[in-house]
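Below are two complexes that have subunit A in common, paired first with subunit B and then with subunit C.
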Partner chain A sequence: MAEITPIRTAAEVALVERFASLKDRLPGSGDIARRRDEAFALVAAAGLPNRRVEEWKYTDLRNAVREAAPLAERPADAAGLVDRASAFAGVDAVRLSFANGHFVAERSDLAVLPAGVTVTPLAAALAQGHPLLAEMGKVAVARGNFALALNSAFMVDGALVKVAAGTAVDKALHLRFVNGGTAPFATAPRVVILVEDGASVTILESHEGVGTAAYQANSVVELVAGKGTAVAHTRLNAEQVDAISLSTLAVTLGAEARLTSLGVVTGGGLSRHQVFLAFSGEQSSLTLGGATMLRGRQHADTTLVVDHAVPHCESRELFKTVVDGEATGVFQGKIIVRPDAQKTDGRMMSAALLLSETATMNNKPELEIFADDVQCAHGATCGALDDDLLFYLMARGLPRAAAEALLVQAFIGEALELVEDEAVRGELVARAEAWLAERA
Partner chain B sequence: MPAVQETVERVKAIDVEQYKYGFETQIEMDKAPKGLNEDIVRLISAKKGEPEWMTEWRLEAFRRWQTMREPKWARVNYPPIDYQDLYYYAAPKKNPAPKSLDEVDPEILKTYEKLGIPLREQEILAGVEGAGSRVAVDAVFDSVSVVTTFKEELKKAGVIFCSISEAIREYPDLVRKYLGSVVPVSDNFFATLNSAVFTDGSFVYVPEGVRCPMELSTYFRINERKTGQFERTLIIADKGAYVSYLEGCTAPARDENQLHAAVVELIALDDAEIKYSTVQNWYPGDAEGRGGVYNFVTKRGDCRGANSKISWTQVETGSAITWKYPSCILRGDNSRGEFYSIAISTGHQQVDSGTKMIHLGKNTTSRIISKGIAAGRSENTYRGLVSAHRKATGARNFTNCDSLLIGDKCGAHTVPYIESKNASAIFEHEATTSKISDDQMFYCLQRGLDEEEAVALIVNGFVKDVLQQLPMEFAVEAQKLISISLEGSVG
Partner chain C sequence: MLQINNLVVEIEGKRILNGLDLTVKAGEVAAIMGPNGSGKSTLSYVIAGKEEYEVLDGEILINGENILELEPNERAARGVFLAFQYPLEIPGVSTMTFLKAIMNAQRKAREEEELTTPEFMKRVKAAAEKLHIDQEMLRRGLNVGFSGGEKKRMEILQMALLEPRFCILDETDSGLDIDALKIVADGVNSLRDPARAFLVITHYQRLLNHIVPDTVHVMANGRIVRSGGKELALELEASGYADYREQAA
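Let's turn to the complex of A and B:
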């Protein structure tokens, strides 16, 4: 339990004032307003997480967030902002666009949605009290989380997506978040995706920065996948390197479901991606992956909590982190196996490659197991490029830089392989290559 | 009697409550008044005949302790401890400072006899305890050291082995130089409390180039009701020295909880090696979780010199709650730290244990092998830190922590922290959790072993890596202890 600390820093004071002045103008009333108050009470009580709070030990927000930026209004030229985005441009997809956290209808393919898919902008849904809102906040292990609570207090816009039972969506759904501005701002978009029984869908999520001012993004995607569903999710963080980027993926996975989720991080000054996943039905399988490439003074944190609450489920986690320059990588992964979750099979691996003398990696893979008939394992490694391998390649005539690039590519490639869609994987590989090219 | 019946009988006979060392010794004790304040700290210091600087050191620790809060981060649950409801000093009334074994209260001697701890040098030499296994023992009974054996022989080799109280009086320079230099007074709540009120413990100094001629050992016994035992151990291995030290502990079975907050400091200078082995068998409480010892211990070794080595080996079977992280600070270049641990929890025991390997020097290496076995309704957590600082070029760590679950009411948890600030540091960590596989059981049963034996065999195989690290005398005992601890946990 985090201890209650009084609000102290300027940013914390500003947050409280901002919420007080803004709350009556935020969309939604009644139950929604009550939930906002509850969420903010949590934020106000805890204050910005700092290194004394165990879950945020390696990512000190109190230190990083010196000023609380004002919540972004809908940008005047939202469409123009979206047009500057490039992520997954080569992938044939149905796009839903968000500029500074606001839904941009004119750049979203609402007219050509595949059969069985419905989309409601969140601002409208909040105002009218849409029934899908009931799907929010269902993941128990995510409750009390600072970033999630902050989003719940301030969420202004986003989308509610429903994939009807039995639908096999042939095109990917692309959630395109674009951030840009000339003065500091904060965003709080929220997307809820309900995939009904037997449906299958590919979801792409990209976060890009195209402006000149530093910003504070805090997005939340909630996925509720029903029985027998198949979901492939790929997330790309290409935020500006001066941005603070918090993001949360909260998932409830039904019985006999399959989910693959890969997070790729190259952007963000300070980023933290959290995955909270709860198994709610038996015989499901989960693959979580991560590929993080950092340089300069970037700080990227990947935190996951996988809650095996029911028996006979399988989870695989593979996270790769490459750290160059003075950057810091953080991996915190926790697998919980509840008392009744017999026959759970969980395997988690985190591997980090440090490319410079000043790089830092912090690994904290955790197992919390209350059932006896389980197979759980985790591994963590951390080190530099293997000298023998480098020598082998250089002996064959490759210059040092090319040899290094090849090895890094092979290292990170293992995580990118988790993406089945060739076009999507191709784009991610190209981004990894571009990152390496910049290094040479 | 049919075989099935036989098994049932045996399981019944060996329950959690069948703690072999649960008896109580009836002797008159000299106790300080209940509670803790500056006067008590002064009283303890005076009883020990300590110099002024030591009293001040304690008082400073006590004042600091009053400003500290009890740590809450460990995965253990216990009702709040009333620190004013404890006796901080308890010593046998009759002749608290015996000159020789003949002056020691025969009741105490009987106690150690019952525990199987050899205190009579002649007998050991005569081969009563089996020649060849000569171990020098420092026996600590509640707050005082009652006897230290083989002192003279050790002195010939230049090794100082005595109680810490004696060391403070006889070798103040050494104590002053090293006490609190590894675990500072302000280190943590329990270490600070210990610094204020520690009553006894062992002191070892092995001079330059000396290989200690025999194993050194301390045997701790808590006997008195409502006492806390606060012992302090300080071991210094000077340049090129070697010492192997064993620690054992037991307590009577009582339905109240007893507090044990020890501090152990190890210092290894250039090329020195310290091997520290513990078999911890404090009373674990009864089958319902009543009573038992709260074992809140701070153990840390400092590889201060180049090429030094510190190795911790622990077998943890006792205590209601264990909160213990024997650590190594790898300061000297090429120094090496090792941690081998078997933690067995059953009944309602809670174990939160692990290690810290802090790599500061160049080419430092460390190895962690931790085997946790949870049975009954116990909780067993491994919590460990491996870190490499900027200058720790070429640091190397290998960590392996495996957990075995026996029964579906227990929990096994792993919380490792791996922090690297140096690219050339190579850290590998692996952890697994599983139960004894049906295949293994089937194989054993099919060969005619009963279930209990099969589990004991498989568990012994599971912990073999660690058992091998124990000195001979301990390995046999530990192996027995493991099978006793787990008996009754199957079925």
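Let's turn to the complex of A and C:
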């Protein structure tokens, strides 16, 4: 029987209606309003991505998003919502808080920002046409991406952050996204971080759910890192297990820069974390990592595109996925090496550990190489815990659950070790341990 | 201490142990020698509780209790320890973390208090020094990048720390240089105790000069085909296994 695909699903129809009724009330006019229209045109033309769209093959949003939840208003008790968040609480950091996508000034450390750091709430920035808005949307390989376009159409709030040239920020900047409500809602926060030449900063990003209703989150963080910058970024997805959570990191990395970014996923019912990164200057090095731990019926997709557009850059990608229960993990990693990008050194590895017979992993690392003098490799593995190792540990006296936990910790630990900051790593290790403890 | 009666074991439909009988008394050091493939490592794995072996008949008693239905960790809690012929590498688990985990797991099984960190460090340091194991090695992933000899010494270190009652050494001497052999043998000898027994699997008389056995057993085709005193090892060194291969076949 031929499958009949409606031209628009109910959710798609709702999105179109919502944009039409909201667009005049969304912050920003002129150029910004025009960009919203363009972004939404893309969303409307493509519809919700489904498995026939190569990029979204393993994560069928059309199927998952049966109803488009209304865009969240600023919650009445935004501060109270933020107070229920716990991520990175033990890390000494400057907090910038967002409740259901809205900037929460009363829970943000605007008054005590480190020297050289400036923060403008996005709603205000959009309304006044802030010059930093020009830094948006610069990553070519991210253009046309559905989640990014959807955010660009609906972005209501967020922040513009600038780290002035030469500043070594001594405290981490923590982007704390907290979601919660009693009725379904959608979010579209946008954060742009400009790290000027020679500056260094640690950025933490956490996404937590603290409410009772399922929600649809769609955050975008854009990082523009200048020449000679050093940035360490860690992102934690601890969303509610009934949430649909999309998040995107789009990066432009200047010359002689260093960036390490690790994404940790334990939450979300269906989640997709995207990284789009373009090297825009030579002699830069990038480390991207992932540590994903799934159980139940969770589905988590990590999709990255690393664009080596210039020569002499190095990238390392190490992604670890642990899948238990009936959960599904997805890794799609693409490294593009453009014709001019000679002497590129790129290595990508995705390893998955399946803890149950019903766990699934889709692993798709890809290289697209158009230059001839490069060193690139990728690999993917997928397997169960090694019986011989388990026996070795048990023969030393560890009960089965403890032996398994130790092996899973070792597996995921390799990715967590990419985080240099001890306090941050300590929290991530503790979260991995808590995840394992729940398993026993 | 250990009594094995008529043990019959298969793996993947292939019979490896063929009605094996063996008794080792408390305080005794028993050596097992035998040709390659005769089933020595299989015996040690089956005593330690490796899953993939199918026990078709017989029993293994430790202090009178049949341990065949027990998980490997439960056997360890009853004092069984196997020093592996091929110790495994576990990247991502530092040797220290591993040692602490196994020591505390066994203490927990025996309903003893966990060791405090200083007490643990003290014990590890003392045992490592005896075995000439560098502190730096203890910070690395377990057995990762260790030489063959270092891995064997690490097995003995674990044995010394866990203080098991029934110790199986599966070719602990292979891969050791002459000095290391002496160090390991001293380590084993210092653990000799009237309440502890050893089953030492080896191909070479040389080890038995250092760890002098009370009894020597010859294994061929999955059975003990001859038993005697320490002089039997010397005899084997001279004559080889030709006679026993025929006898067992």
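Definition applied: the second predicted complex is superposed on the first by the 433 of 440 C-alpha atoms of A that agree within 3 Å, B and C clash if a C-alpha of one lies under 4 Å from a C-alpha of the other, contacts with A are read in each partner's own complex, and residues count from 1 in each chain.
In the analysis below, a contact is a pair of C-beta atoms (placed from the backbone, for glycine too) under 8 Å apart; a residue touches a chain by one contact, two chains touch by 3 or more.
Only a predicted model underlies this, so the values are computations on that prediction, with no experimental measurement involved.
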Record, for the superposition on subunit A, whether partners subunit B and subunit C clash or fit. fit
So, does A:413 touch the first partner subunit B, the second partner subunit C, both, or neither? second
Looking at the overlay, what does A:400 touch: subunit B (first), subunit C (second), both, or neither? second
Taking the superposition on A as described, I'd like to know which of subunit B and subunit C A:372 touches: first, second, both or neither. first
Which partner does A:172 reach: the first (subunit B), the second (subunit C), both, or neither? neither
Pick one for A:356: touches subunit B only (first), subunit C only (second), both, or neither. first
Looking at A:391, would you say it contacts subunit B, subunit C, both, or neither? Reply first, second, both or neither. second
Which partner chains sit in contact with A:364 here, subunit B, subunit C, both or neither? Use first/second/both/neither. first
Using the superposition described at the top, determine whether subunit B or subunit C touches more residues of subunit A. B
Distance floor for C-alpha atoms, subunit B against subunit C, superposed on A, in Å, equals 14
Following superposition on chain A, which residues of subunit A contact subunit B and also contact subunit C? none
Contacting residues of subunit A [partner subunit C, same complex]: 387-389, 391-400, 402-403, 406-407, 409-411, 413-414
Within their complex, subunit B touches subunit A through residues 72-73, 390, 403, 405-435
Of all residues in subunit C, those that touch subunit A in their complex: 48-52, 71-73, 75-77, 80-82, 84, 87-88, 90-93, 98, 101-102, 105-106, 109, 141, 158, 162
In the complex of these two chains, what residues of subunit A are touching subunit B? 1, 54, 339, 342, 352, 354-384
